[in-house]
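This structure is in structure tokens; I'll ask about it shortly.
For clarity, chains are labelled A, B, C, D, E and F in written order, and residue numbers in each chain start from 1.
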């Protein structure tokens, strides 16, 4: 029996590590997606930003974030504060068996959680692309991944008051995706649109991304990584029910994304007359975000539909934000924020334990807190080091200004007919 | 006929083209070029080694026009391409002997 | 004992899910491979096509294909028809143990199977690249993934008549790869070659792909994903014999691909005097296709040789098809069709249970059925919505015509010296 | 109990296979990294070189290398010689249980080891990029992967004299990384720098890489694959202690890389005034190499610091090698060699079993042997077939010279302002 | 000597080059350009926002020729580049004062 | 004023630019072009099918200069761009009628 408990512990730990690894891989996905959707003159900067933010997120979460989110606290609103990550389980504790025995490595849990915070942060970098100062962004990453994200994460996954109120968010449509999008929204409102994006009389000038294959690759990477993101969030695989649940989550995650692609492409086709690839890609991601709040309960058909609705919403959302002059080069606010909300509500369709109140309160609290907290940090940064590069630098491109490097130095760029 | 060659800053293209259309210029050929002039290049660092990129991206516009349009075209380009900062570029004027429209075989001013 | 059965069930389920995830990743591989081998003006369209077909395949197989392939039927030729995918195993059934007890999640099996059908469909998109109408292709995808593929799949993996006849096809050299290539052949014959590909007097004009790193990346992705494709097809890992078999399959799959690369590069070097990268890439894939019908029985040395023969065949096949004016921009028909047949025959070298008759009948039935069925569907599409874009659109590029988007808008493209 | 041993065996085998798969994926990482850091005219060649070397490594190691490294020998210095890889474990042996019973598939071990040798070889290709003859390189690959690497590998991992002396190298900072870098150094010294890299009066001309997103993607792939590289090197996951150890290795590997990125970016910023992306990427890899010799013993904080020191060293090393006119286009010698040594010494910080003598002797023996052996092979190749393409070919680019193909034929390349 | 500048449709390059070689033109310099003229651009949609790409890809051919070849060259280009559809392009003729072959130092017609 | 157009081998750019600066040329416009001439292209094989790439990458330099600089400029370019191997390129000289600096409005030699 002891050996069996050990093998079972090993299997769950291994499952956590594989899931975490897949979520880590999403960092590459965001990087490719974003570097495909910006102009070539801003590509090196977005690459630097993405690999940098992932690193900062990992370090900050190790230093303080993990303990804020999952440490002890006497309040269900204000989390505790302590540093570094504790040790792992002893063999004795594991083989003791029973309800309370640990069934997977604590460190594997840390690894799985740390990649989630990186995801939340990645969402922001796309929205502020092509105009925000690099080092300002990095400072914000410190605040977001060390404090803002963990605090609201504590409320639900850390067994704080949102958990008590019955807020249901399986793998984080709200806690991860909407939280990231909210911080992005705060930033974009302060930053303003890219120069040349909006004309004087309501005119919207498109600024096409430089490299569509990269954007597509990024989407596929994200899709793949999402199996770890959602699949790992069952937190256990080692018995029949958990294994079935994980399998269901995989199948539903896949079908929601598929539904999102089809819906995104068809919606774009109906609205614009063309099969707009970028809407198909955003549709895939929207499908994934939509199912993330509850991939375990719907049937496959319902999961497909939830994803398809997400893929439809995202097209309208992108067009609407553009009309509102909220300039989001990669559509992050729509994909992760607007569709994240849809995902949280869609939980009600198949999960009897979820309540409309619970979901709405959760949305309101996360949005409210993250928006205000981010806005304050962004404002402080704006006043102190500045958040936006100057006009000439923006025109020249972030790459030369911030990184002294070109992404594609031999393909001379600056095409004749583009802004 | 005259042949106007103008080197301008890339982001001025739309303004110049629109201005030229308004005064009746019907055709234009644009080339991406690298310019070297009073405006200096910038320094980049690649893996610790510094280097100077001497050339700046510019656009070269070429237009064949009728003789009587010459002054207006030059002025229009100057106005539309002007920023007042170094590197605004130049306008050059050549004599154009002949011109032919491939599609119709028209020649001379008809072909512009 | 019950808990042990549960852990074992969990391990096999997890193994299925990881394998399926790797096969899903192959969709990205095909996408990158194909987008690297077409011209830049047709790149967005091929990206759209690939992410779209994957999505359609997943949805159609969920709706109807899986049940056709694995559902009940009274005939060994005509499969049954029913919709959606059933529920999962109960704990009781699993822990009952014994021969008939389910040992992995049904849904994990569905997930593993659904990504296979997407692979078959991906094969087609490369062969018809740069000239086929996007939406026509999508309609064909509905027919192929919902019906044509599942019907012939039923014959062998669904325990239909090919299975009874002893046709051996471990992971689908025939059922997946040759089937895909056959549908592609039918399409290419109807479509005709790309404009400018063949000159008046037997002249063959090469049309180089726009982005070799992408094509190479795609090949590596496919190679990686193939470990799931073949490795997962053992269908069990949880005992010593299965685990050893899966390990053997991994090692042989890897070596067959390696043999294919070396053979492809050397053959190209001997024939053309240069180390033609694209032939090395096709060699890798040929090695993988060749071993797919039987990666469990050969020794590693034999596996390497089977792959190397595949890598040699593919070079000659590509050159020959070009002489026959069968225009296949990425070599899909050669890699998956011609080499698929070689793979099915190579099973005889090491698997005593395989018979020449069984293999030949299998090849003939799959080829015959898929060719005729696809041809009919393509013909109907040709008559109704048309299958080929008009000449001017083809010249301008599919991207503007179908997607209104350029893949690399800043790298002005349309090089001086190319067609 | 027997079934439990079987399940445990299956889990460890599966863990090996997943780890091996991740290391295989590193081949794609090196390929993308290198193809991003060379000029476009040398891109096809480096792609061909990478996929070719991986294939050669797999075949040679199967034919002879694995047995040299892990076979029987009566000497602790001179390994034995035998061919091909033996069979797998019988069920009886496994279920016998006890200390000596095999607990994972031999073939899965082979698969895991074979991808390591490919990694060592990949390191070399970057350093000799843009000037070495392709086929010469391939011949060297035969010698390196069949003989040089396995011989020194035998000394430690094959239980030879370095193992006896207490040399500690968990996953191969020395055995894999420094060994590869040493062979690269020998090659670079013989080859000389790329034409135009160094000016007459100490001037260093930068030769920027053509495609930064690819280089970044490659880094992320390597980062991901490294979880297999280090995580699999625990060699067991199926009990609590092993599972905890693997989890620790994952977390530390991730944090060391993160530390490397942050340190690399900050160091570059302080030295050059810009956020040099390529130094961030090299920092990530340096962090990974640094932790590889001992990812199991440090705390997460220490792991982060070990990585950060690696990320700092690498910047200075790259600049120094450049001053010494040792031309290494991708920084491989610095990342894998110089930082590899740092990693071996850093083991002393947290692993009480390691001794300074043991580590220094290990470094000296591996470096000495690999350097001399490689130099001899390179010299023989230089005299016989030549190792460097002629000047005109180098100017024209390796792609046309060796492969007859362009990487990006439509993006005309040869930018005005570059060498 | 004369300097011929022709703007043509890209896919006509091979035809024009072959035709020019046949009548004895030995050298040619080709530039990728963007043309603006009677032929209109196309509309693209990017993420819901429409925009017009006004410029069309064209090739500019330049050849220095002897005076007596002028007519033949113009006619040859016109024939080879002709499709009859809008956007076929134009031929322009300039006077060329001097010409020098760098390799040999030859000048004038020798150097063409 | 004169307008010098030189077609040279790409890797000679730095030498030519430096040499021209030394003799006082202040501005230069550079275009990437493809050249067709006595120097032949190379053969490539793509998936078994051979084809010839006829054109070679070259750079075109254009500089407006004062009349009295003409000879010196031509000689300087010839010397700096010379390798003696086929394909070294050519120098062409045109008459330039007018010149205007957009930034200041200066014309003629002032504007060079």
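Everything below uses one rule, namely that a contact is a pair of C-beta atoms (placed from the backbone, for glycine too) under 8 Å apart; a residue touches a chain by one contact, two chains touch by 3 or more.
Computed from a predicted model, the values in this text were never measured in an experiment.
Touching chain A and chain B together: D, E. By number of C-beta pairs in contact, A-E leads over the other of A-E and C-E. Fitting chain B to chain E on C-alpha positions gives a rotation angle of 120 degrees, to the nearest 5. Centre-to-centre, using mean CA coordinates, chain A is 52 Å away from chain F.
If each chain is reduced to the centroid of its CA atoms, chain D and chain F end up 46 Å from each other. The distance from the centre of chain B to the centre of chain F, each centre being the mean of the chain's C-alpha atoms, comes to 18 Å.
For chain E, the set of residues that touch two or more other chains comprises 30-32, 34, 44-46, 54-55, 94-95. Touching of two or more other chains is recorded for residues 4, 7, 11, 18, 208, 211, 217, 272-274, 276, 278, 404-406, 408, 411-416 of chain D. Here, these are the chain pairs in contact: A-B, A-C, A-D, A-E, B-D, B-E, B-F, C-D, C-E, C-F, D-F, E-F. Residues 3-4, 6-7, 9-11, 13-14, 16-18, 20-21, 24-25, 27-28, 31-32, 35-36, 43-45, 47-48, 50-52, 54-56, 58-59, 62-63, 84-85, 88-91, 94-95, 104-108, 110-111, 114, 134-135, 211, 214, 217, 402-412 of chain A are the ones that touch chain D when the two sit in their complex. Put simply, chain D touches chain B in their complex at residues 204-208, 268, 271-274, 276, 278-279, 315, 318-319, 322, 331, 416-417. Taken together, the chain E residues at the contact with chain B in this complex read 2, 6-8, 31-38, 54-55, 58, 60, 74, 77-78, 81-95. Against chain B, the residues of chain A that register as touching in their complex are 395, 400, 404-406, 412-417, 419.
Against chain D, the residues of chain C that register as touching in their complex are 4, 7-8, 11, 15, 18, 22, 39-40, 208-213, 216-217, 219-221, 223-224, 227, 231, 237-244, 246-248, 250-251, 254-255, 257-259, 261-262, 265, 272-278, 280-281, 284, 299-301, 304, 408, 411, 413-416, 418.
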